[in-house]
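One chain, chain A, links the two complexes that follow: it is found with chain B in the first and with chain C in the second.
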Partner chain A sequence: MSFDRTIIGVTIAVVLMACATFFIPDWVRQIGLLSMAIGSVALGLLVLWRTGLISFGHALFYGFSAYGVALLNHLGVRDAFVLVIVSAAASGLLAWGLGFLVRRYRAIFFALLTMAFSMILYGVLAKTERFGSTDGLNIHPPTFLGYAPVDQAAQITLFLFGLLVVYGLMLGVQIYLRSVLGQMTTAVRENEIRVEYLGYSVEHVIHIKYVISGLLAGFGGAIMALAVGQVDPESMAYWTASGEFVFVAILAGTGNVAAPFIGAVAFEIIRHFAWEHGANLWQLIMGGTLLAIIMFVPDGIWSVLQRLVRKKDGVK
Partner chain B sequence: MVQLLFTILTDGLIYGSYLFIVAVGMTVIFGVQRVLNVTHGSFYAFGAYLAAYLGGIWYDHELPDFGGFVIIFLAAIVVGVFFGILIERGLLKHLYGKDEHIVVLATFAAFLALEGVGLFIWGTDPYFFYQPQAMLGFVEILGMTYDYYNLSLIVLALIISLAIWYFLSRTIWGRLLRAVIFDREISQAMGVNVTAVFLGTFILGTTLGALSGAAIAPTISVLPGIGVEVIVLAFAVVVIGGMGSIPGALIGSILVGVVRAAAVHEFPQAEMFVIYAIMAIVLVFRPEGLFAPPAVRKI
Partner chain C sequence: MKHRALRLAAVGVAAVLTTFGVAVGNAVAKDKMVIAVPTFLTGGGAPAFGIPARNGTELIIQAINKGQVPAPYNTKGIAGAQVEAIIYDESGGGAKQVTEYRNKVQKLGVDMFAGFVSSGTCAAVTAVAEELKTLTLYSTCGTPRVFEELDKNPKYVFRTMSHATADGVSLAHYVASKYGSANGYTGINQNYAWGQDSWRDFDLAMKVLAPKIKGSTKGQWPKIFAGRYGAEISALLKSPEDLVHTSFWGGDLEAFIFQGLARGLFKKKQFLMSVAGTAAYRLGKKLPTGIVLGSRGPYGIYANQLIDTPMVKWFNNAYVNRYGTQPTQPSYQYAQAILGAKFAYEKAAAANGGKWPSTDQVIAALEGATFQGVATEVRMARSNGHQGVTDHAWGVASFDKELGLPVVSDVMHFKGDCIMPPDGMDSVTWLKGGMKGAKCD
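Take a look at the complex of A and B:
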């Protein structure tokens, strides 16, 4: 593997954040945790979006995994590593199964089919008493390889745990995107027929993407479940959740594996402060921001950052 | 057994009519403009809110009961024309020809913003507009009570579908519209004012969306967030019937309505997802929809 600026940059950022977590106030740390969860899902959307596919139903994997954490937790599994890995893997498996259907679809049909699947999950969760119906389930605090922190220490540990997971996800996706299979991404978007003539199966490429994407959304859902300590169908599996993920993905742009997390932080900060001034403001700001991004900065925050850096380099 | 079947059919027909009224506007807009319009949910909500708001004032002054019905149509037209022009001229105009994802997302953004605007205008307290429903009273059929208002939704759905059918196949405007649907560029070259056709269609779709909200308002409490579910329901009907096909939307709605009614009575766990299950099955086996006209391949 050659010199990779992204991996170095991400590593430095993660180390800095790991150090900073001991000094920041609790609410900032909580925003960080939520951003990790949302960012992981948006990273999953990035993987798909680079092929020109947008899923309006990623809440399916997010909610599936979050409920996986809650149910395992109720069965007595307390270890965060087991909870997160098993639930995310289950999401990946679900994506693999559905992928056989989904991979044949493009454009709006892809979006609508994924949305239909996620709404089925929502309907099942909201109507099943064992899953707490519309109230959802609560989650007992997790342990970390036998270490059972309480209060602030619990949040700090979870933050470090989340950082570790997210770091792994970013590295994994970066390596995948630089592999031959990952670089088929843009090729598929530009000209599917040509990719087929080169001897690759487009459906296979898309299927793999869908699984990776579902897995990432699964990690996001699992982190969210642990960070909030509660799962419910409305915020975990309804189509509006999927809409928020797409919002973050658009806000961030697809330029870099770190972009979804920057987008997620921006999203959570806006949400945090908008809520303080009332719920109506929140939707207005979110809608307005999304419109402005679509109209004026179609490549997202990352493209703005890139332009700023280039300008500085130019001056030197 | 007969009674159960009858109940399922009647409930299904009522719910199917509701779905059709809610989705037909979205179908029209998708058929002509190829825009999957998320703001449809806002039109529904604003229609319901305006009807309930005006109805509240009307009945507070103890004016004649039938006025509620006039208010329903009035609210639909006011909301439809205002938002139709606002969204089409202000937003969609800039997006024609862009990637269809971007268009959907832009309407999603507009929907969110309009939800916020709605909260600013109407607040978070519920509005009630039960008088039209109360006025029509109830009827007992085979031991089950139905209210006439819900049954009248079936009539409304029939009237809307007949009116659209007449408009599309028997009027000059309808023919122009079909020409634009068939081939936009040739129509333009032949001198059809496509811009005007688009705006007209959009206002029609918006008004139908607002009418659905206004017509449903008497049967619900009008609360923030009522438009959210409508969007996905309408998506489902549009997909099941075939993207842009109006007869498809009608038959699809009634099919979904009856299946859902059967689920409610026999298998209540499935009530909430049965629509989306049908949607997924249709997408998997007949992605062009149950009743989509054969697609003309453009080179």
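Take a look at the complex of A and C:
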């Protein structure tokens, strides 16, 4: 196994998507873009989840980065690469700072502490008139290394840009998960004391995870800000946003770095049609789906795909 | 092993493509007209705004299709086309609404939008409306920022009523003439864009119109959807000012009224409630007597009680018969926006030799025009003819036991040109500069 088959699979999928983007209708491309953003955050949750930690506050990094994009944009920065990288890095830095505190907590305490931090961000954003208060801020269309596409070309370029970012994130996480540090993941979940006796610092391992996770959520928020062209506290930093990420993570399963993105696509499609056909009922449909997933496919969509593939291999 | 990864990727991509592929065929047929109508169908904005707005929309569209609306709208359909409304949920925040807006245009191919309750949503979708070149009539959302800051050269976006500055200014006029001897005013407003803007406009207008009545700097700023106001009510009871301004709405307003009633707040203070019109019929007998109550214009209770035109009579009767309750402000405003659409399309079609007009022709027909809404005349007289100017009314609420309905008395009417900034002038600059150019007779 010299080549990682996940990396091969992901590469093929990304290339196919990149070709497909020229032929799909605009609204489908938009779903794709939103899925990339939400998928990146869910990927961040996956990194934590494998250690048994659930964050109910990833909207903190997501919103922080989205507002970073909006504010930089208002200062006149238009380049997508600069916007996304600077904002996501700022989120990573924020995660590093908060990490010193949250790394000491586990389970429900960890979940609630992260949520508390995200609600602080929400409060600050909603009350500050300079940040647009609850109305939020508009974002001018980005440029890409000097290239300034308009209309449909803008969306296609952004899609390809997003794909590039997401591809990088998946590769990065895959490499991390296969490294020694990444392998500690399960070890920490199973028995922290033994990990300490092996000579590793559990807090250190968790801190690194938290930073990676915050960074990923930051990338998600930045992509979302560019894809939608609008940031506001309710969509970006309220605890329901964090809830959606957890929803996607549950829907997807933690089996593979590609899973969060498949989960995100599924989530966006369900929401899309629920909103369209059940104006009053869309929340019920979303909730029902989640319930069904937890009851019937507790390991998420990825486990279903895996089972399908295994069955075929078995027949052979 | 490699094959497995390949196959897995293929299954994933195929699944995605099939789902999309199946869905593409759903686009709406083009032989009728489709209007997307966003309003709050779920969440805190639904009972007071979303549901009356939806009801008003359904009522007016059905009547338009049957040709039952009184003159000048007594022809069937809009420029001959039957109208279908796609009423959808406005909740979830600006970013989600931008996505929904895109979907309605790019997937369902709607002809236009009419609606939007929240300023936040309007601020969010303005840019995408211009980008997607889709005619959009804002019926209700109040923020002046839409044309003053976000979209200074609007082409596809219109608003068919006065913006929120008119609420603050007309209320200040009312206070100046009815409560000139008051010793001061304070406020309780939700700490978010609408609350902050409402207080700012009222406060600035009071400084111009009634400089003797001093504004407090210690207003109360509870969180939106806070729901519990014990501490704020105590602070208000202790404050020295006679008058209290509030732009509370929806569930917050009703919760505040119930909690305030229990402590005699509305007997001790004269309340100025800028959007309490939406709660009047819901509260009924529990509506505090003597509060100054606004409906963001001559809508809702003001139209139901005071306007005697065939149009309002028809609308009120049809609404009460169908829904068993009186129409409120959002019902009127949504119907007003849809009548604006009917007006613009038919004017454009007439200019186009009776053929279905292009969006550009409809825009040309509506820019700067004057049309009749349900309760008031709408003059598209600001922001290059994209911002409506409508009249306003204020009065004092009480409950009429014989009618079994809340009523307003001591009503004053204000002309749009008296309470809206002149064309090309920014609201805050206008207020701070002493409201020059206001035409009040």
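Rule of thumb we're sticking to: the second predicted complex is superposed on the first by the 313 of 316 C-alpha atoms of A that agree within 3 Å, B and C clash if a C-alpha of one lies under 4 Å from a C-alpha of the other, contacts with A are read in each partner's own complex, and residues count from 1 in each chain.
FYI, a residue touches a chain if its C-beta (ideal position, glycine included) is under 8 Å from a C-beta of that chain, and two chains touch if they have at least 3 such contacts.
Computed from a predicted model, the values in this text were never measured in an experiment.
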Q.
With the two structures overlaid on chain A, would chain B and chain C clash, or do they fit side by side?
A. clash
(Q) Once chain A of both complexes is superposed, is A:S235 in touch with chain B (first), chain C (second), both, or neither? (A) second
(Q) After the superposition on A, what does A:I270 contact: first (chain B), second (chain C), both or neither? (A) neither
Q. Between chain B (first) and chain C (second), which, if any, makes contact with A:I175: first, second, both or neither?
A. neither
Q. Touching A:I12 in the superposition: chain B (first), chain C (second), both, neither?
A. second
Q: Please name the chain, chain B or chain C, that touches the greater number of residues in chain A.
A: C
Q: For A:Q283, select first, second, both or neither according to whether it touches chain B, chain C, the two together, or no partner.
A: both
Q. Just chain B (first), just chain C (second), both, or neither: which does A:M224 touch?
A. second
Q) Given the touch rule stated above, what does A:A126 touch, chain B (first), chain C (second), both, or neither? A) both
Q: Kindly point out the stretch of chain C, out of 9-17, 189-197 or 261-269, that overlaps with chain B after superposition on chain A.
A: 261-269
Q. For chain A, which residues belong to both interfaces, chain B and chain C?
A. 123, 126-127, 279-280, 282-283
**Q.** chain C residues touching chain A - in the complex, by the definition given at the top
**A.** 1-2, 4-13, 16-17, 19-20, 23-24, 41-42, 87-89, 92-96, 98-100, 102-103, 106-108, 119-120, 123-124, 126-128, 131, 143, 145, 150, 191-194, 196, 223-224
Q | In the complex, chain A residues that touch chain C | A | 1, 3, 5-6, 8-10, 12-13, 16-17, 20, 24-28, 30-31, 34, 123, 126-127, 129, 132-136, 138, 151, 224, 228-236, 238, 258, 262, 265, 269, 272-273, 275-276, 279-280, 282-283, 305-306, 308-309, 312-313
(Q) So in the complex, the part of chain B that touches chain A is made up of which residues? (A) 36, 91, 94, 100-102, 104-106, 108-117, 119-120, 124, 228, 231-232, 235-236, 239, 268-277, 279-280, 283-284, 287
(Q) Using the touch definition from the top, list the residues of chain A that touch chain B in their complex. (A) 54, 56, 101, 105, 107-109, 111-113, 115-117, 119-124, 126-128, 239-240, 243, 246, 250, 279-291, 294-295, 298
